[in-house]
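There are two complexes below, and they share chain A, which is joined by chain B in the first and by chain C in the second.
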Partner chain A sequence: MVTRRRTWLAGILSAAACVLIVATGNALAQEKPRYGGELVFPVPSEPPSYDAHREQTFGVIHPVAPHYNGLLRFDPTDPTGTKPAPDLAESWTVSSDGLVYTFKLRQGVKFHDGNEMTSKDVKASYDKIIFPPEGVVSDRKGQYGVVKAVEAPDPYTVVFRLKWPTVSFLGSLASPWNWIYRADILAKDPHWYETHINGTGPFLFVEHVKGSHWVGKRNPDYWDKGKPYLDGYRALFIKSSAAQVAAVRGERAHIQFRGFTPADRDTLKAALGDKITVAEAPWDCLLMVVPNQQKKPFGDKRVRRALTLALDRYAGSKALSRIAIVKEVAGVQVPGTPYATPPDELAKLAGYGKDINAARDEARKLLKEAGAEGLSFTFTNRGVPMPYEPVAVWLIDQWRQIGVTVKQEVVEAAAYYTTLKKGEFDVAMDFQCGYTVEPDLDLYKFTSRSKNPSNYGFYEDPVLDDLYEKQSRATDVEARKKFVRAFEKRLLDEEAHYLMTLQWHRIIPHSSKVKGWQITPSHYLNNMLDTVWLTDGPTH
Partner chain B sequence: MTTTTDIAIVEAEAPERRRGWLDVVLDFCRRRPLGAIGAAIVVLMILVALTAPMIAPYDPLAIDFAAMLAPPGADHWLGTDAYGRDVLSRIIYGSQTALIVGFGAAFVGSTAGAVLGVGSAYFGGRVDLIVQRFMDIFISFPLIILALAMVAILGNTLPNLIIAMTAPMVPRCALVIRSSALSVREMPYVDAARAAGFSHARIILRHMLPNVMAPYLIMLTSFLGQAILLEASLSFLGLGVQEPTAAWGLMLRGAAVEFAETAPWMALFPGLAISLAVFAFNLFGDSLRDALDPKLRTG
Partner chain C sequence: MWRFVINRFLLMIPTLLGVALIIFLLLRVIPGDVVEAKFMSGEGSGASAEVLAAERARLGLDKPVWEQFAIWMWGVVRLDFGISMWTGAPIGDEIALRFALSLQVALMATVIATLLALPLGVLAALKQDTWIDYAVRIFSIAGLAMPSFWLGILMILGFLIFFRWVPPMVYTPFWVDPWQNLVQLIWPALAVGYRYSAVATRMTRSSMLEVLREDYIRTARAKGLWLKLILVRHALKNAMLPVVTVIGLEFAFLLGGLVVTEQVFNLNGLGLLFVQAIARRDYTLTQALVLLVASAFIVVNFLMDIMYAWLDPRIRYR
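Take a look at the complex of A and B:
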């Protein structure tokens, strides 16, 4: 009965989510934009440098992205944030063998310094990302191992030659990090963009006052005629979440693009009523539990399976979503995206079944068989309260119910990954967050340690590596789905190398004056602000 | 007549009856009622901590999602927290953490400070100069800053937390004890002990330390309140004991802040527990100081 009720509930929630997403999309398409006004938004982090090619934090994307374009972007009206769309490239073709991608660039696009953007700039930017010169950091170099060469045969054509065909390549080029820089500047000084701004984007740079704000103003010569709608924007660097909420509550800020907690959402909604619109979506971020297989007894897969079988993810989702930024029960892909596991298939994996009592009985049996009855260990967690702390409290309680005693050790955020990299833990919380939901990007983390240093389980699994390669090279979507499913079954069920907790849930309560912005599963997307408009004038 | 006189002589020569501990306690209660109230709360707190498994209505670690954020009522007298855990049970168990950390840090800090203070006063000269300059350096850091630095260096396990809280207490106690020990050092019995050839350790530990017990006890009780507050502060900042351990400071952070408007009981009751404990220790400490300090002694 409980199972049936949960299935029904899941069905109703999914249907409601679909209706909400479609309704939001339609509303976005129907309303007529107005011009003017300054968008004000708090940013909880500050850019370490201005160069997105080398940085990892949304603290760069949120204030700086409106100054730039990419070759491609993700369709700003797509709620899944997975559909590549033209940006500086207006069209493209793919060779029949899938090894050559040819892009036609827009003509007449100008950098903010007045120089025209050509294929030379695109090639120089991608060469910096894929083949960075000595002394230049490129954070995403590893994601472009498939690229053999980037060519610029004429001023408005760019060609990417690949080593092997891959269906994820267009998505890789739509990355919000791959801003197009001026080739001449890069040739003179590849570090220039770390401290300066010169893009082709919808907003011109005005000022950056460290620790205070970042200001941009409308680019009157923007190539996409009629855009942007805003006169400008102002990003306020505010670390305290209470101060961010207060800024929105006091109508001194319109929106915060990363996300608020359920309690913040409820507080804002109660205080401002219809003046606040709440956008919610599954978040392409996931907290995972990683047992250190170098340490006994976590090398034994029966113990790892027991730990995942103990988790009542469905009840956890229902309760934790009231107090933390987590919600969806998911496998290796965000629910609702192209390669996500259907709920029926997900329920067949260890720890995802609907009968928690049977699962926990099996967990106790496995622990007994493995000689790990009365197991106790230290759970190493990251010193970031939300959502690490509530998820850890829930995990410890779940494990207690199969007789496992767990003590939590919280490591300060900056030192946390050093602890993981050195393997100085029994079982730890691990984390993955992406700019788009794409198996190539999302599954790489779980390949063998020898291939991938961010595998903190310290395991070698050639079968998993082989499945990763197969899904990556599959050109047929259905065939690729099968490989992704097989990968997921081995990772989460057969070997239980990692234990997924709950998908993050993105909550953006924003001023109802803000229009033309679509929430997606990634807080790295839709920050160019070219489609955003306000229903009235400036806030101050 | 003769018989009467004999009795009178016997009564006059009888030694004064020695005061028992009960008399001392009753006298303390009568002369210092506020201190007695403080002491009663401290005793109650100790009893609650010792009998926590018997008196707590729920398991303090047991999550009950059906009762999340329940307001105070018949089932949960002080309500529940964001995980459905009973607030009263967590406060009861939290007293164990407060007392273990509080007593641990206060006792170790005061004792180490007392030994250093007496040693410094006894040796005098260059030893005293060097020890006191070190104490000056340590004492120049605010209590919480030094404790934060220590936790950051050592990590936030329970023993490390006690060590971190002990460090800022040592110099404070050493300075106070040293000033008392300086006058004790000049006493004839210390000179006599020296003349008898006793070792430095014996003179310090057996002859000087017992004679500075009054300031020691005062420092100990005042540190107890401070230690409980410091533990709560560190836990509130996420550097003290960790979830799901029941601890008062921990109960004030995270969801208690987020839900302060809709579920104020989550922060209110642990906050009251901290205030009450610190208030009780301070009342008791102040009265103890008054009772033991001859300059302040009345009646």
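Take a look at the complex of A and C:
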């Protein structure tokens, strides 16, 4: 009875959420933005440094992004977060061979210190990212292996010369991590931006009290006239999820941009009713199971296929989405995005069929053929409760149903990847999260170990590597889709190198006063706050 | 007395050196380091081996362990604790930022605990086995049984459900806005102070019971002295020795030990910093915090020793 009532309640809430997303979209189109107010939001992490070129955590993006612009950005109104749009570049052209990208920059854009932004700043910033000088860490250097040179032929033109044509290049330039810094400052001290702020963005830096908060105020000289709408913003560093929920529930904060759990959403909705608007979307983050192919019997693809065939992902989605931040059944791309495999086609892959009994019979048969009947192993999991814990419990139960006995070993988060890198595990949980849904970014992880050190399956697969190269260099979208599908089939079905669990699901219950913000599949996007406005003044 | 003070002060040096050596080695033994925690445990795609090596070299982690220890100790001797390996900020700044808050919560909790514990403990001892004694014992056992973070969660939930209010999330120093400061910190101080008072109440009660059975109390009563005078001048002062010990040690613990309570109330204190520093393998910051807490314990113990002499004139230090 309780379960039925909860299901019913969850259904109502989901429907309400959908209606609210649509309603928000309509409101965005109809309502005229209001000026003023301070947006307050908790951030569950904190910036290790202020330099996005070197950092990985959203703890940098959420509080610091409003001070900066990129060359391009992802269209802040696009719910898929995949459409590159102008930011400091107002237009661009691509040569017929796809090897030269020429960008025209906006004129009259000023850094917060009053200096004009020109092409030499863009070049210096991208040189730092792609060709970092000695002693400078660039976490994204590897993503720009395609770039041969960056040139600044005149103050308002930037040219990127590529080694080979790639359709993903504009998306790479729209990365939320590639903030444009001042060339003169970088020339004097390439580490300056690790501890200082000086961008061209819509908000000026006011203060950062470590462990407590970050404050920004409206940039009156912002190049996009009329924006931003807010007087300022205040990011509160709150680690505890209960305290984050309390902050929103107590109306001390408007929104948390990363995501809450289904239970948090329901609590907030029940407590605040119309004062809360819920936005939901598939999340470009995924937990994956990686069998260590250096260890027997996981080098045998029959065993790996059996493990994926055992998973009833559709039933798992129903059960887990009520308690954890996972939901969609997906392949290698987030559902609903341009290169995602349609559900009917996905169902043809091992472990994605609708007849779970047949799949499990086949799994048992494969284990028998491989001489691995009564298989038992240790599943290494990361010591992060949500969603690692519930997903692991689900996996272990699924494998039990084909006669596999699994013991879970939880490793503390900071030491987790050391365990994986050393290959000290049988089967482990792995993770991938991106700033945009783009095959070049999403598939690289699965290429051979010799090419990619974050392949923890320790396999070599030249066929997969070749498919990766082909999809990356395909200039025709349909042709690229075919390569992506072939890659997916080989990765998840024929070889079962990795086993996908469920796509994460992003839930943002926020104050209904917050307008002009669009949820996307990435919590790294839409944090510049230039389009955000409040229906009234500050909360407190 | 001065000889005692100097001796105790000199004893601090080998104690702190031992603590420093143990924590330095322990941190190097546990798996992972700050570079992996920063670049490999986040949500990004993972960094290359070159990036990790460059960062280790920048932080001096590529040097032999003995050399790292020597460099750190040379800094400690000059009161230069280095920079945080995670944020790059000076350790002194990282700690100073949180110290005022942690010290204030510890002081407020100590005041609350003392104000509750002394009268309740004495009252329970005087009214032993009456309903007053039972009530005080139930109150103190409840305090012992209830973790302070749990009481804090109940407080927050109560505020949200009944008043739709939560305490401020950002620390305002007392000298900037006393009202805002107290509105934020009184709740964690109450939550922590209650548990703290429970320990002290039970200690006061049992210590008072012991003292009240002493011959000199019987003699004083037989002489017809005023009960209040007997209690204050003869009983309470003598019963205070173990109570002062408990209060002092709890105070030192509170400076760096309020980890979960700080999370519940979102306090930017030393306890949370401690846990984050360990989780991030921020060696320099963890080492400095351990030294700070160890120093706090040593100083509090030292002050308690001095207080013993005042409470019990029979105690003489040589």
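Keep this in mind: the second predicted complex is superposed on the first by the 513 of 540 C-alpha atoms of A that agree within 3 Å, B and C clash if a C-alpha of one lies under 4 Å from a C-alpha of the other, contacts with A are read in each partner's own complex, and residues count from 1 in each chain.
Note that contacts are C-beta pairs under 8 Å (C-beta built on N, C-alpha and C of every residue); 3 or more make two chains touch, one makes a residue touch a chain.
Quick caveat: nothing in here was measured; it's all calculated off a predicted structure.
S.K.: Considering only touches as defined above, state whether A:Q432 meets chain B (first), chain C (second), both or neither.
M.R.: In the superposed model, A:Q432 contacts chain C only, not chain B.
S.K.: On the A-aligned overlay, A:A247 touches which partner chain: chain B = first, chain C = second, or both, or neither?
M.R.: Touch partner of A:A247: chain C, not chain B.
S.K.: Identify the partner contact of A:K104: answer first if only chain B is touched, second if only chain C is, both if each is, neither if none is.
M.R.: neither
S.K.: In the superposed model, which partner reaches more residues of chain A, chain B or chain C?
M.R.: On the superposition, C touches more of the residues of chain A.
S.K.: Output check: A:K365 vs chain B and chain C. Expected answer is one of first, second, both, neither. What do you get?
M.R.: So A:K365 meets neither chain B nor chain C here.
S.K.: Check the residue A:Y416 against both partner chains and state whether it touches chain B (first), chain C (second), both, or neither.
M.R.: The answer is second: A:Y416 touches chain C but not chain B.
S.K.: Identify the residues of chain A that lie in both the chain B contact region and the chain C contact region.
M.R.: Dual-contact residues (chain A): 242, 412.
S.K.: Considering the complex alone, what residue numbers of chain C touch chain A?
M.R.: Spelled out, the residues of chain C in touch with chain A are 30-32, 36-49, 51, 54-55, 58, 86-89, 93-94, 97-98, 153, 156, 159-160, 164-166, 168-171, 263-266, 268, 272-273, 276, 279-281.
S.K.: Using the touch definition up top, name the residues of chain A that touch chain C in the complex.
M.R.: Residues 42, 48-49, 56-58, 135, 137-139, 141-142, 194-195, 209-213, 236-240, 242-243, 246-247, 249-253, 271, 285, 412-419, 421, 431-434, 441, 444-445, 453-454, 540 of chain A touch chain C in their complex.
S.K.: Quick check on the complex: what are the chain A residues that touch chain B?
M.R.: These residues of chain A touch chain B: 242, 261, 263-264, 266-267, 315, 318-319, 322-323, 381, 383, 385, 389-390, 392-394, 396-397, 400, 407-410, 412.
S.K.: Which residues of chain B touch chain A in their complex?
M.R.: By the definition above, chain B touches chain A via 61-63, 65, 68-69, 82-84, 152, 155-157, 238, 242-244, 253-255, 257-259, 261-262.
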